[in-house]
Structures are given as C-alpha cells and as structure tokens.
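Got some structures for you, see below.
Below, chain A partners chain B and then partners chain C, in two separate complexes.
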Partner chain A sequence: MGTTKEKVADRVFGILSELAAIPRGDIRGGDRLREDLGLDSMQNMELLSRVAEEFNIDPDMDKVMKVVTVDEVVTLLAGHIGVGE
Partner chain B sequence: MKITFVYPAFERHADAHPELKAWVPANEYIGPPSLGIACVAAATPPGHTVEFIDDRVTPFNVDHESDLFALSFFTPAATRAIEIADALRARGKRVVAGGIFPSMMPEAVASHFDAVVVGEGEPVWADVVNDAEHGALRPRYSAPPADLAPLVPPQVDLYLGAERDGYRPDDYPLQISRGCPLHCDACVLPEYLAPKMRFHSMDYLTATMKRYAAAGKLASFTEDTSFFPQARRGFRELIELCVKLQGEGLNLRLSYIGISLPIILNLDPTLLADLKRTGIDRFYVVGGFDPVTRGAFGPGDPKMLDKAVRAIARCHEFGIDPYVSFLVGNRDDDEGTFDRMLEFTRVAKIDLAEFCISTPYPGTPIWRRYNDEGRVFDRAWKHYNDANIVFRPHNMTPERLFEGYLYLWREFYQGRARDMSERPHTRSTIQF
Partner chain C sequence: MNVVVVGGTGFLGLNIVEAFRDAGHHVVATRRPSSNTIFLRRLKVGMATASLTDVDSLVSVLSGADVVCFAAGHYPRFSIDTTAHVARAVAEVANVLEATRRAGVARFIYTGTVATVGRPREDRPAVETDGTAATPEGSTYIAVKLAMEREIERASRSELDVITLLPTACIGPYDHKVGTGFFLVGLANGLLDVYVDGKINIVDARDVARAHVAAAEKRRRGERFIIGGTNIRVEELFRRVAERFEVAMPSRCLDPEAAIAFAIDEEARASSEKPPGRPKISREMVDLIIHGQFVDSEKAARELAFTVRPLDETIAAAHAWYRANGYLKR
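The block that comes next holds the complex of A and B.
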C-alpha cells in the first residue's frame, strides 16, 4: 500500500496513458499536459474528473484551469485529499 | 393578482426561409419553452394566480386581461417581446421583462417595460410581485445567482397545459445545474448564470422527473456537466437515481443529452455505458463549437477531423444516435467549410442534422469581439436566430455564408426522402 499521493499518481498516470494514447512508462512527472502529451482542454478536464470522482474530492475549478504538468495534477488532487509531500 | 407569463414567439429556420420545407423531408418539431418561466412561476408568493401563454402556439392577444404580464425571452424573441410589451403598455398594463436577453441587454428593453429583471428570476420574483401589487414597481431588479437548495421544482404544469393539437413536445428539459466556469466564445451562460457551478438537489430532480413521467413525457438533459471535476460524482448519482426510479416501476424515459464531440471522445466508458442503461439513445451535439470540430471544419485539420469521426463512431459503438447541429461562419471557416462539413457527414455516417449560422448573441465573448471589430451590421433581434447573417464573417462575404448555409441544408437532405419516411418518428423529426 502506497501513500495517498502515490495512489493518486498511479491513477493519474494510468488515465493519462489512456487519454493520450502513450505507454505509461513514457510519461514523466514534468511532462506538460498540452505541449508534451498533446492533451486538449477537454482531455485535461476528463483526467481531473475521473480521478476526482474516484477519490471523492471536489477540486477548485480555478486551480484546475491552471495546471500545466503531470506533477501539478497529482499535487492538486492529493492536496484536496489533505496529503502534502 | 392575476399574473400572466408570456413566452414570445420567434422565427425558426423554415419560418425565415420557407424553401427549407421543400428541401428537408423531416417532421418539424417545436420544442418546449426554456424552463425560465416554469422556475419563476414556482417562486410566486401565495395568494396570486398564474397562467401561461406560449405565443408560438397561441398567438398572444394584446387585449388579454391580467394584473401583471411577465415576458421571458432570449434574443430571437426580443423583437416580438417588445412588440407585445408596447401594445400592452399602450393599454395601461404593467409588463415585466426577464430572461437571457433582458439580462444581457437591459438598456435595449428598459424603455418598453415597467421593470427589467437582470439575472436569475427566483431571488427577486417575490419582490417584483409585491411591488407590482402595491403599484411600486422599480425599473430594474438585479438578481444574484440563486441558491438552488431551497428552490421548489419548476411549475411545468403550466407548459403541459399549453399543449395543443399540433404542439405536443415529446420531451421536456431537466436542468441539472446552473453556472459554468469555462468561457466558450459563443456561449452566454457563464455571463448569465455566473461562473460558479451550482447543482440542483436530488429531491428537486426527482420531483421534476416524476412529473414528466406522470405526463408521459421524456426528460432531456440539455447540458452535460459531467465533464467538470466537481460535477462528475453528482452526475453519476443522477444516472443511478434514474436507473433506480425506473427499476421501481416509474415510467421514466430519457431522450437526449446535450454534449460535445471532444467530451464523447474522452468520456469514461463506464459513464457512457451508464447513460445507455437509462435509455438515453441520442446525443445532441453541436459541431463547429468546440476546438476539435472548429479545427476540422475551419482549416480542415486532418487530425481534428479524425478525432471528430472517432467521436461519432464511439456514439454508434454505444448504440447512441448522434444528432448534429452544425454551426457555420466561425472565425476560421472559409468557402471550403461547407463541403468539409458535408464530407464529414458522409464519412462519419451522420443521418440526421441541422445547420445553423454561428451568431454573436449579446452577452457572449464573440458579441463583444465582433462589435469591437465593427463586424455586427444588423441589430434586428429577430434575425438573431441562427438562420440569418447579422455580422461580416472573416473569410467570406455575408452573401456567401448565407448561400453556404442553404447549400448545407439542401445537399445534406437531398435524396433522403424515402429513407426519412421509413424511419420511426423520433429519427425523422428535427427542429428547423
């Protein structure tokens, strides 16, 4: 069993791999969702929505609109579960 | 007091261009009014009687007697609303305006009405009624976004009672939420309903769905909010509630959901399967509104076209019928856009569609931009109905855009008469 943040990261990488059609192992935390992984704004939203639903959290929309990298997604969502670094 | 709510008429595609009736071998569908009047009527304080006149169905008689007239309208109906208000006030009647157009353009309507409600009606409606009763209407009532929790369900019986032979909508809308944090450039909702999303309670939704079921009507979800992170769970709960109510024997039938192709392309497969379980068998999709279809039809980006085709294929895979409303006249659209759209309908196997001119409605970001750029040349509000050119497009003349719009209707429906006549009612009926 990992920490909650690791679980969030696991789901974020899994869903990203599906949405961006990129093997999971090729995705890095520093990758930018739009520029590096080719996600459009709806895919960003779908990623956040699926993970938020699974972990039962309501992320702040203003912050959702500002995330740029994979790590930022994980940090934002984990932050809402109350887990920092 | 007796309060009369009026939903003013507006021109539809085939009213504005009767040649469409000859070209389009589909049944015409007149949909129900937006929920605004039913919601505000439900917030009327006790001690008053309310009635509803749908001017599209029963043309409003200006000699009608009432103590207060409340007109709710969007831009296409503004010309008719002002005409009705002027005639009523000439008889000394009190008339109140509300809805999207008065909220976005209060100055354009103020001189024609005794009072204008700006924003959502429920928070100020009791004040309006009280002030009217005491002969003290104020010129403007500005409503903050309503707290949805205490709202009683919309008084849809007013709408059901307005049905007549020739006007019996199959489905009525179910509003799930209000507000939107995004800023799509042709959408007025974030401005009208505020950026913060608010959700109706399950009790509110249950009561509305039960009323529709009792009347033998289908319920439609006009907007899919499921793609917002805060909304996904609530949306799934609503779907589960529908399945549960159906399992308990309620004759709850759902028709369509308003959605976009990029959402369909990425939506969680389990959610798609759940939607199907409720009996939803149609997606109402606007093409030429989102970045994918704009890229596909404007510059003809092959990657975007491929995405759009895959999204339609996904509908077919889940057994959901895509009904596409094509918007033409966007920023990047040029004279090749019409044929790109038609080619897309062929490749994606779309067999039911409508065609609309992308229109800068007051309150939208493109309204402001096109005005700043000096593109808007027509302010006759009845022409703001997706069927007329009111602005100078970027890459073609207004005349070419208009010809292209008619060309799309004609070409798409050419040769489909027999096929359409053999389809079930719902698959051969469109709003045009």
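The block that comes next holds the complex of A and C.
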C-alpha cells in the first residue's frame, strides 16, 4: 500500500497535536498554524521537517515559508510525494 | 577522518558539515528529534540523534570519531534569567566533553564567539593574546559564552586535545533561523526602522567552516583562534547593503543607552506574545555592537592558512540564499 494524501494528513495532524498540545480532533484543516494553533516559526519548521523526513521528501523552502494553514501543509507535502486523494 | 559535528543542523553546523564533506572526510551530524533536517538531508551525510542532556546518546554517536566539532552551544533567545541560561549552557558543554573523553575522540574543536576576546589597552584590533572579555552588565549572551569557554579551557588543560575557534558575526548560506543576517533580511524587507552604530567584524560562514577543517587537519592543541573577516562600522555596513539592494536605510540611529532600553522593551514584547515573536533588535545584538571591537585574524591566517573572501561576495551569497529560500519579500 503506497502513500496517500490521507496518510500525509494523518501524520501532519498527529505531529501538530503534539507540537501545539491540542487534541487531534480539535484541529481543522483551515486552522492557521500561527494564529489559530499558536505554533512559533521554529515549531512550524519542525512540523514540516518531521513530515518531510518521514516520507523522505525534500520540500522547496520557498514554498514552505509561505504555508499558512494545516491544509496547505498537507497539499504542499502531498504534492512533493506526487500522491492523490 | 571521521568527523562528528554536534549541532550539524544549525547555521554554522551545516556550513561545517558541508566543508568537511567537500574536503573528503566522513561526516556524521547530530540532530535533536525536533531539529529541522531539511537542509542536512540534502548534504547526504550521516545523521544521528543525540541530546546535549544525555551523555550516553553522545558517547554512542562519538565512538569511532577522530574529531568532534562542537557547534551546538546554547543560544539564549532572550536576555532574561541569565543564571538559568548559564547553568544550562555549562551543563551541556560538560556533557559533550565527558562524552568526548568516554568515546576516546582524539580532537575537540569548539566553536565559540569573538565576544569573549578581551579589549586591548592600545587603539588596535584585538588579538588572541588580549585575553578574555569581562561580562557586560545584563548581557545574557556574553555571560553564557564566557562560561562555556571557561569550561572548555578547563578541559583543554587536562587530557583533551582542544582547539577553540572564535568566529565574528557570521553571514552566509543556511542561516535558516536568521541570526546575524537579521540586518540583511530586515533591511531588504523594510522592517528595520532603528539601528545602533558601533564596530563589528563580519565573516563568511563558509570561511569559518573551512577554518574548522584546517583546525582538524593541523595539530594546534590548546590554541585559540580569532576567525574574523572584514572590520566595518555598522552604519557603513548598512549603507552598503541598502545601496546594493536599493532599499532604505533605517530612519533612526539609537545611542547605546537608548538601544539597550529599546531592545529590553522589544524582548519583553516578543517574549510575551503567543507564540513568542521576534524583537526588532535583540539585546544580544545590541550588546555585541556596543561592546564590539575590530579584530585581527593574523594568527589563523598564519597557522591555519585561513583566508577571507570579500565582504560584498559574502553579502551577495547570504542575500541569494535568503531569496532562494523564501525569506525576502521581493
């Protein structure tokens, strides 16, 4: 079974829950990492780095810096892996 | 040689890892579980998890190494609670030194800072024999770095083969948390409306990294080297950057007293934000500038064949890196 966007989302939500200390069920795709979940820039980078490492991808930093919401993180990473829904 | 870079995911660490790799050495970089490994993984070197608070984890990574580079010193984000920051920094250095002894590593290279170098009596650039600086009142960063270097010196007097490198203000690629390069990013993005003038020395992070390779390859046990680039006043540096990238100079130059007060207010504001924000100017940066001095790296040039590239080349490389990685608005 290969990687799916759902799997990427699952890891992003899992790590976010840990970093932001917010129950997973309370996190929404439209939540903004900084304003809604309270992540600082280093935690934001840790999230991207950890997921990128787990899925062995090399995200474009120019795009990483522009990510605002949880959904955007998932889309960015899934795009790098080249997975669909 | 087998080289372990403790702190290989950071700004200088990444440059050091790249320099050793390019010189043909086998490199392993340590990382914490929370480290940003995006850049390190691109360098295709070994990566091992270790914590500065866990000696066993360090021993396991250091075993079999010929050289350990320690570029992971504690870096206080805000100048608040100096005592706690110093205690943490010293404990971490002691752990790395203990692990180095236990793993039987032959050589230890410590990356310190030129801020610990004493002030010469005469009007000339400082050199290594000018001794150790006094701690300016209220400066957490300099207090931490002086305490760390004292710990390193103690180890150097015992059985360990220690070399201390004291870089000046580093600029260059891989500055992903934006350290000294804040002035470049701040000026280019129009976010810097105040500054403080003083003496500074800017060095290319890639030149600093090459000095680490030279220190590993040459035998200079117990020595301390200033690794500096270009001596320049902050105002002149800002003017050069502003002209080159066609951006405005900050509108106000603060005197030292006003700059300290401004930085204290800024840190209080930034640290109370949730999540913590970033001060426009940090206390650390103000301290480094108002207590700054010109330096002479002749000893490193003579004994480590250290060379310095032109300042404009360094600024251009740093600017290009920030631009390529999304740090600049235009």
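The criterion applied here is as follows: the second predicted complex is superposed on the first by the 80 of 85 C-alpha atoms of A that agree within 3 Å, B and C clash if a C-alpha of one lies under 4 Å from a C-alpha of the other, contacts with A are read in each partner's own complex, and residues count from 1 in each chain.
Operating definition for what follows: contacts are C-beta pairs under 8 Å (C-beta built on N, C-alpha and C of every residue); 3 or more make two chains touch, one makes a residue touch a chain.
Worth saying up front: this structure is predicted, and the values here are computed from it rather than measured.
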{"item": "Clash or fit, chain B versus chain C on superposed chain A", "value": "clash"}
{"item": "Touching partner for A:66 - first (chain B), second (chain C), both, neither", "value": "second"}
{"item": "Chain B versus chain C as contact partner of A:53, first or second or both or neither", "value": "both"}
{"item": "Overlap of the chain B and chain C footprints on chain A, listed as residue numbers", "value": "40-43, 45-46, 48-49, 52-53, 58-59, 61-62, 64-65"}
{"item": "Contact set on chain A toward chain C in their complex", "value": "34, 38-43, 45-46, 48-49, 52-53, 58-59, 61-66"}
{"item": "Chain C to chain A touching residues, read off their complex", "value": "34-38, 41-42, 176-177, 274-276, 278, 324-327"}
{"item": "Residues on chain B engaged by chain A in the complex (per definition of touch)", "value": "181, 195, 197, 226-233, 236, 260, 262-263, 265-268, 290-292"}
{"item": "Complex contacts: residues of chain A adjacent to chain B", "value": "19, 40-43, 45-46, 48-50, 52-53, 56, 58-59, 61-62, 64-65"}
